[in-house]
Amino acid sequence: MSRAEALDALAAPARSRARQWLSRLEGPQTMGRGPAFWVAMAAVVLAAAVYPLFSNDYTVGNAAYFLVWTFMAMGLGVVWGYCGALSFGQTAFFGLAGYAYGVITINIGSAYGLTWLALILSVGLGAAFALLIGYFMFYGRIKGVFIGIVTLSVTLVLETFMAQTAGPQWAIGTARLNGFNGMSGMPPLTVPWFGGDVVLYSGTALYYVLLAMVVIVYLGLRMLLNAPFGNVLVAIRENPERTEMLGYDIRLYQMLAFGLGGALAGLSGALYTAWGQYITPSSMGLTSAALPIVWVAVGGRRDITATLLGSVLVIAGFQALTIYGSQYALVVMGALLVFTVMVTPDGVVATLMQRLGRIFGKAGR
Amino acid sequence: QDGPIKIGVLEDQSGDFAAATAVKVHAIELATKEINDAGGIDGRPIELVVYDTQSDNRRYQEFMRRVLQQDEVDVVFAGFSSASREAYRPIVNQFDGLAFYNNQYEGGVCDANMIVTGAVPEQQFSTLIPWMMETYGPNVYTLAADYNFGQISAEWVRQIVEENGGTMAGEEFIPLGVSQFSQTIQNIQQSEADFVVTLLVGAAQASYYEQANAADVGLPMASSVNVGQGYEHKRFTPPSLADMYVTTNYIEEIDSPASQDFVERFRAMFPDEPYINQEAANSYIGINLYKQMVERAGSTDHDAIRAVLAEGDVCFDGPSGNVCLDPKSQHMSHTIFLAKVEDDHSITFPETWENIEPYWLGDAGCDLTQNDPSAQYTPSSPPPAP
Amino acid sequence: MNDTVLLQTTGLCSGYGGEQVLQGVDLTLNEGEIVAVIGRNGVGKSTLMRTLIGLLPASGGSIRFGGQDVTQDGANHRALQGIGYIPQGRDVFPDLSVRENLMVGEVAGAGRPAPDYDLIHRFFPILKDRARQRAGTLSGGQQQQLAIGRVMVSHPRLMLLDEPSEGIQPSIIKDISRNMRELNAQTGVAVLLVEQNLDLIVSMAQRGYVMEKGRIVATLGPDEISSRDAVRRHLTI
Amino acid sequence: MTQILQVSKLNKRFGGVTVARDIDFALDEGAMHCLIGPNGAGKSSFFRLLLGEHAPDSGTITFRGRDITPLRSFQRIREGISVKFQVPGIFKALSVRQNLQIAFQHHLHGASLTETVRRVLEFTSLTAEAATPAGVLSHGQQQWLEIGMAVGVEPRLLLLDEPTAGMSPDETRKTGEMLHDLNARGITILAVEHDMAFVQQIAHSVTVLHMGAIFAQGSIDQITAHPGVQEIYLGAADE
Amino acid sequence: MEFFTAIFSITYQFGDAFAFLVISCAGLAVIFGMMGVINLAHGEFIMCGAYVTAATARAGLALPIAILCGALAAAAIGMVLERTVMRHLYHRPMDSIIATWGISLIATQGVLILLGPTMQGVGTPLGSMALGDRSYSLYRLVLFAAAVGLLGGLYLLFYHTRFGVIARATIQRPAMARALGVDTRRVYGLTFGLGAGLAGLAGGLYAPTMTMVPTMGATFIVESFVTVVVGGADIFLGAAPAAAILAIIKASLTAWYGQLFGQIGLLVAVIVVIRIMPGGLSAVVKRWQR
C-alpha cells in the first residue's frame, strides 16, 4: 500500500462519516428536499446577504435584532415540536445567559475578543442550567403540562428575584445587577482586528455575523434531527412508553434535548444583551415567556424550517403592527393569532410549505 | 434648515402603565398643537412621531433605535417607569440623541443626553416626610414597590426620617404585580407607625388602599407616586384614600389661574380625559422648554442646546408655576404642592413649597457642564469623589 | 322475527380525507336479525360501522334506519333513535368508573324503558363487582364486556358490534354469543356483527355479508353462515 | 437446556386486586410457550412486571442469569427482550417506515437497517403502506406493524401479548408460521393468547394464569383436557 | 386572649390566601381539568366579571346580585367564544394556548380602547371587626366562605350529578360519547360557559377589593395556574388540597419573611411539590382512596 493510499484509507471513514451527516440535511424529520428546495434556500440566504446593500443601517440593525431571537425559537422547536415537552420557561435560560454575558464582560472587558469567550461561557451556563432542570424534571418523571408549569415557575422565580436586586449589595465583581431597571453598560461583541477591534454594534457587521450563525445552527439542527437522535426525540413525543420499550433511555434523550434548547435560548440571551447592551428581569417574565411559544406555534413547531421562518415572520409582524397599528395593534395581533390557529392548525409557515408541495415534502418517508 | 422639527414620543399607551401614561401623550399633542398654531418653533412646525411602547421594555429599545436612526427625530420624549428609561438610555447614548424623561422618579440620573422634568426625592420627600412627622409623629412605616424606584425612594425616606429624629416603624417591599395585602395590613397594624409612606407602583399594588380601608387601618398615608400619577382618589370609592398626603408638582385640582387655564385647554382638546396628572404637566412643560432652547440656540443641535441649558436660565411659566432647568444635573426645579385627600376624596392643599431645586445630584458631584458619566447614582452609591 | 327492514344502506360511500374506503355498500338488515359482516384486515369493516353510527360522514349513498333517512343525522341522534355502537378497541372512558361508564350509556335511552341492570349484571357479573374501578385499569376482556353493557343500558334496536371477540377468553366468547342470542330473542334487538372469529360467526349470525375492498362481494345465507368451512373459505379469499 | 428467564415469588397488588401472587415461572432457552388465562387473570400485568413497567411488591426476575429486577425498562430491553403490546403501541403520527426504523436503529445502522426495514415491510404485507402514517392503518394492520417492530431486531426473548387479536384465521395461521420460523432461529417466545387454535399451532407448553397465580401448567393437550381450565377459561366443551 | 388573637390572625391569613387561590383557580380548573384547554384568557374572564360587577353595583344593584351579573356576563361571553373559537380547538391544547392568548390580548386592549385605562371600583362592604390590637375586613371572611362553598358545589356537580359524568366522558372520548347519544357540542358549550362564569364570579367577588384596570386579570393568572396544575389531573380532588398547601406555604412565608419570599416561595413550592408528586396531588389522593 502506498503512502497516499494509506492516508486515503485512513481518511475514508471520516469522509463517509461526513457524507453520512451531509445526507442528513434531508430526512423524514424535516421538510424540504431535493435541488429545488436547496436552490430556494440558497436564494433566501443570498437575498438576506445582499439586502443590507440596499437598505439603511436601522433596518439592518433591526433585522439583526429579529435574528437574535430565532435561536431561542429553534431551541423551543426542538424541545416542544420534536420532543414534545412544552417548556414555558425558555426565558430562564435566555435571561441567565444574558446576565452572564453582562457580568462576565463587565468584569473581564472586551479586549482580545474576550467577548466571544463570554458568549461561549454564557451559552454553556444556559445549557448547564437547562441540563440541571432537565435532569430534575425528566428523571423525576415529570411530564406533560407539569413541565410547562415547572419551567414557568423557574423563570418567574428568576424574574422576581432579579427584580429586587437594585441595591449596591447585589453585585458580582464589578457588575451591579441593578434590579428591575436592568443591567447595562456591558460591551457589545468585538472582533479583534488589525488596527483596532471591530465593535459589533447593532448594524450591518453584527447582522452578517448573526446571519452566519443562524445558517450554521439551522443546518446543524437539520442534521441532528434527521440523525437517529432526532428519530428518538420524535418517537418520545409520539409515545414515550413505547419508546422506552424499544430500549431507549428516554430520560437521557429528553434531558439532552432540553439542554440543547437551553443552550440555544442562552445563545439568544447573550446575543440580545450584546446587541442592546442591556438585560432586564422582565425578559424572564410571563409575557416574555409566552412569546417564544407564540412564535413557534404560529410558524409551525413540528418542523425546524417552519419554526425559523415563522418566528422571524411573527416577530417582524408584531413589531410592524405596533408601529403602524397605534392602539389597535394588540387587538389586531390577538385577532391574527386566533385566526391563524383556527385556519392553519399546523402553523402558518408549515401549512404554506405543505401547500407548496413536493419540493418541501419530507424526505424518506 | 426649515423642515418640521421632529419629536419622537415613546409612551405606554397600553399595558400595565397605560392608566397613568396615556395622558402624557395627550399633553404632548396639546403642547404641539398650541405651538404649531402659534407658528411653530422658530417658524418650523413640530411633527410628532408617536409609538406605543405597550409597557414593554423591549419596545423601548426597538423604538428608540427607530426614532433615532430611521425617523431621525431631533428629540425624544420617552418613558414612564424607571426600567423603561434604563432600557432606552444606552441607545440614546450610543447614538448621541437627546431624550426628555418627563416622570417623577427615584432620582440620580447624571447623563448629558437626558433632560428630566419629573420630580425627584429631594423635591418630594424632603418636603413631605418632615411635614408628616411634625403633624402625625415620628414613627414611619414604608410600603414600597420592590424594585429600583421603590427601594431607592425608601432609602431616601429612611435617611430623611433619621435626619429628623424619627424612627422607622417598619419597611416592607412588595413585588410588582402583587395585589393581596392582608398580611401587610396586619404588619402595619402591629407596628407603632404614626403614618404610612406608600410607594406603590402599578394598578395591582394600588389595591392596597381599598384593602387597608376595609380592614380599618386608619393611619394617615404619604406618597410621592400615588394620586399624583394614578389618581387613585378618583378610582376608589371614598373614603379609601382619606388622609393621604402627596407631594406633587402638579395635579388638576390645583386652583391657580394657570392650572385652571391648562385644565380648560386640555379638556377642550380631550374632553374624555379621565385625569390630568403631574406627568402630563411635565410633558407639556418639557416641549415648551425644548422650544425655548431651540429658539435660543438657533438650531436643534444638541451641543448648541446644551450650551443654552448651561446658561442656567432656561425657565418656563407653566401650569404649576415657574420652573427652571438646572445645568449641572439637567433636572428641573419645581413648586411642590402637598395634596391632601379628604374623606370624600376631594383634594385640599395644606402646604406649598415654592421653587425647590433638584440639588442633590449637583451637591453629590454630578456636573454635566464638566463631564458626562452617563450613570445613575443613589445616596448609598453616590458619584465617585473627584 | 319478522321481515320489516330495520337498516338499509344503498350505495354507501365514505372514507378518510381524500381516500375513499367504502365504495358503495348495499346491505339490508331486518328487525331482530343478527347479521355478520366478514372480511380481511383493512377492507373497511370498521369504516362501515363508523359510518353507520355517524362518526364518519357518508360521502355518497344513503342510510335508512327504522324507515327514516338518517344519512344526515349526527351520531348522537342516531344513538337516540336506537343504534348502539360497540367499537373495535372498546373505547371505554378510561378515567370514569365502570358505574359511570354505564351512566353515560343511559343518555341514549332517553324515552325508552329504564335500564335493566339486573340483566346486564347477570350477563357480565364483573360489571357489578368492579363498579367503582376506573375503566382504564380493567383488563382488555373486561373492557369489552363493559362496552357491551354500556350499550345495553339504553335498550337499542340495533347493536353494531365490531370484533367483540378480540382479546376475549374462549368461555366468554361463548357467553357473548349465547347472551347476544338470548338478548336478541328476548328483546328483539338486531345485531350487525363484524367478526373474524369463526366460532362466534358460526354460532351467532343468521346471515352474512362478505366485504372486500370497500364493497360487499358476496352474501351468505343461513346455511353457509353456519358452516365453518364456508365461512373460512370466504375469510381467506 | 439452560433457562433464559426465571421468575420467583413474584407478587404485585393494585389496591384490592392481586395481579401477581407468588408466581414462580421459568422459561427454557429456545422454548415456545403460551400463557393463557381468563380476562383479567394478570397476563398483561405479568408482562409489565417482566418489562419493568410495574415494580413488583416482592420477588425477583432473572434473565439470562442476571437479576434484572432493579433495572429500568430500557435496560431490560437492551438485555435482549422485545415486546408486542396488547394495545398497539405504535407511533401513530409517524410513517410505517419510520416506526420500523426507530424500532431497529438501536441495533442496526446504514445498509443493514434499510435492508431489515424492507424485509419486515414485506413480511408484514405493509410495503404499500410504508409511507402511510401508522395511525390510519386498520386495526389489524396496526397489529402487524407492532409485531414487525418486535421481531425485526431478533431478540433473545420475544414477548407477544395477543398477537393475533383482530386477525382473520388465515392471518393467524401465517403468524404462527412466522413464530415457528423465528423460534427456529433461536428466539425464545412467550405469547399470551386467547385463540386456542393458535395456541395449539405454536405452543410447546402452556401455563394457565388465574387471579394472578399459576393455575396449571403442561402440554396443550393436558391443558385443554384439564377440567379446572375448562371451567374457568375454555367454557363447556361444546353446546 | 393574646394567644387567641394570634391564632385568629394566623388562621385569617391562611384563609385569605386559600380563598384567593381557590376562587381564582376554579374557573380554570373546570376548563383545563374537564376540557384540557389551557385558557390563557382566564384572567380576562375575571376582569370581565369584575367590570360588570362594578358597573352594575354602581348603577344601584345590590352587591350580591351585581356579582351574579358579573358571573353570568362572563359565562355568556364564554359560551359565545366557545361557539366561535374554542370549539375548533379541542384536543389541540397547544393551539388553545395561542388562541386564548390572542383572545386575552383582544380583551385587554379592547376594554382599554372602549372603556379607558381605568374604571371606578365599588367599595368593600361589611366593614371591619377589631380583635386585640388588630382589625380585620369582614368581607375577607365572606371570601373564605365563598371558596369553601365553591369547592363543595363543584365537587357535587362533577361527581354526583349526571352532567358531571357526561361532561367528563365527553372530554375523554368525544367521538364515543357522541356515539352514545351525548350532544357533545352542548356539553362543551356548557362546560366552557361554566368555567368562564366561575372566572367571572372570581372577578365579581374580588372586584370590591381591587383596582379596576383592563390588565387586572394578570394578577390572578400565575397563582391560578399553579394551583390547578399542582392539584393534578383530577381537579376537585386536587385543587382543594393544592390550594391549602400552597396557602400555608405562602401565608407563612409572607408572614415571616415578607411578600417577596411569599411570592418566590410559592413558586418554589410548586416546583418541589410537582417533583415529589409528578402526577399532581390528585394522583396521591387517588392512591389513598383505593
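Labels for the chains are A, B, C, D and E, by order of writing; each one numbers its residues from 1.
The definition used in the following text is that a residue touches a chain if its C-beta (ideal position, glycine included) is under 8 Å from a C-beta of that chain, and two chains touch if they have at least 3 such contacts.
Because the structure is predicted, anything quoted here is derived from the model rather than measured.
*Asks:* Name the chain whose C-alpha centroid is most distant from the C-alpha centroid of chain C.
*Replies:* Farthest from chain C by mean C-alpha position: B.
*Asks:* If you tally contacting C-beta pairs, which pair wins, A-E or A-D?
*Replies:* Answer by contact count: A-E.
*Asks:* How many Å are there between the centre of chain A and the centre of chain C, using C-alpha atoms for each centre?
*Replies:* So the centre of chain A lies 52 Å away from the centre of chain C.
*Asks:* Mind checking the centre-to-centre distance between chain A and chain B? Centres are C-alpha means, answer in whole Å.
*Replies:* 39
*Asks:* Taking each chain's centre as its mean C-alpha position, how far apart are chain B and chain D in Å?
*Replies:* Chain B and chain D have C-alpha centres separated by 75 Å.
*Asks:* Mind checking the centre-to-centre distance between chain B and chain E? Centres are C-alpha means, answer in whole Å.
*Replies:* The mean C-alpha positions of chain B and chain E differ by 36 Å.
*Asks:* Got the chain E residues that touch at least 2 other chains?
*Replies:* Where chain E meets two or more other chains at a single residue, that happens at 108-109, 112, 218, 260, 263.
*Asks:* By the touch rule stated above, which residues of chain D touch at least two different other chains?
*Replies:* Expected reply: 14.
*Asks:* Going through chain C residue by residue, note those that touch at least 2 other chains and give them in order.
*Replies:* None at all.
*Asks:* Would you pull the chain E residues touching chain B in the complex into a rising list?
*Replies:* 9, 12-13, 16-17, 20, 108-109, 112, 116-124, 127-128, 130, 133-137, 139-140, 208-216, 218-219, 251, 254-255, 258-260, 262-263
*Asks:* Going by the contact rule set out above, which residues of chain A touch chain E in the complex?
*Replies:* Per the touch definition, chain A meets chain E at residues 80, 86, 136-137, 140-143, 145-146, 148-150, 152-154, 156-157, 160-161, 164, 286, 290, 293-294, 297-298, 301, 327-331, 333-338, 340-342, 345.
*Asks:* Show which residues of chain D lie in contact with chain C when the two form their complex.
*Replies:* Within the complex, chain D contacts chain C at residues 14, 17, 36-41, 44, 86-87, 136-141, 144, 162, 165-171, 194-196, 232-236, 239.
*Asks:* Contact residues on chain E for chain C in the complex?
*Replies:* Those in contact with chain C are residues 162, 165-166, 168-169, 172-173, 175-184, 233.
*Asks:* Where on chain B does chain A make contact in their complex?
*Replies:* Touch residues, chain B against chain A: 13-14, 50-52, 54, 56-59, 61-63, 65-66, 69-70, 82-83, 85-87, 89-91, 94, 146-148, 151-152, 173, 175-176, 376, 378, 380-381.
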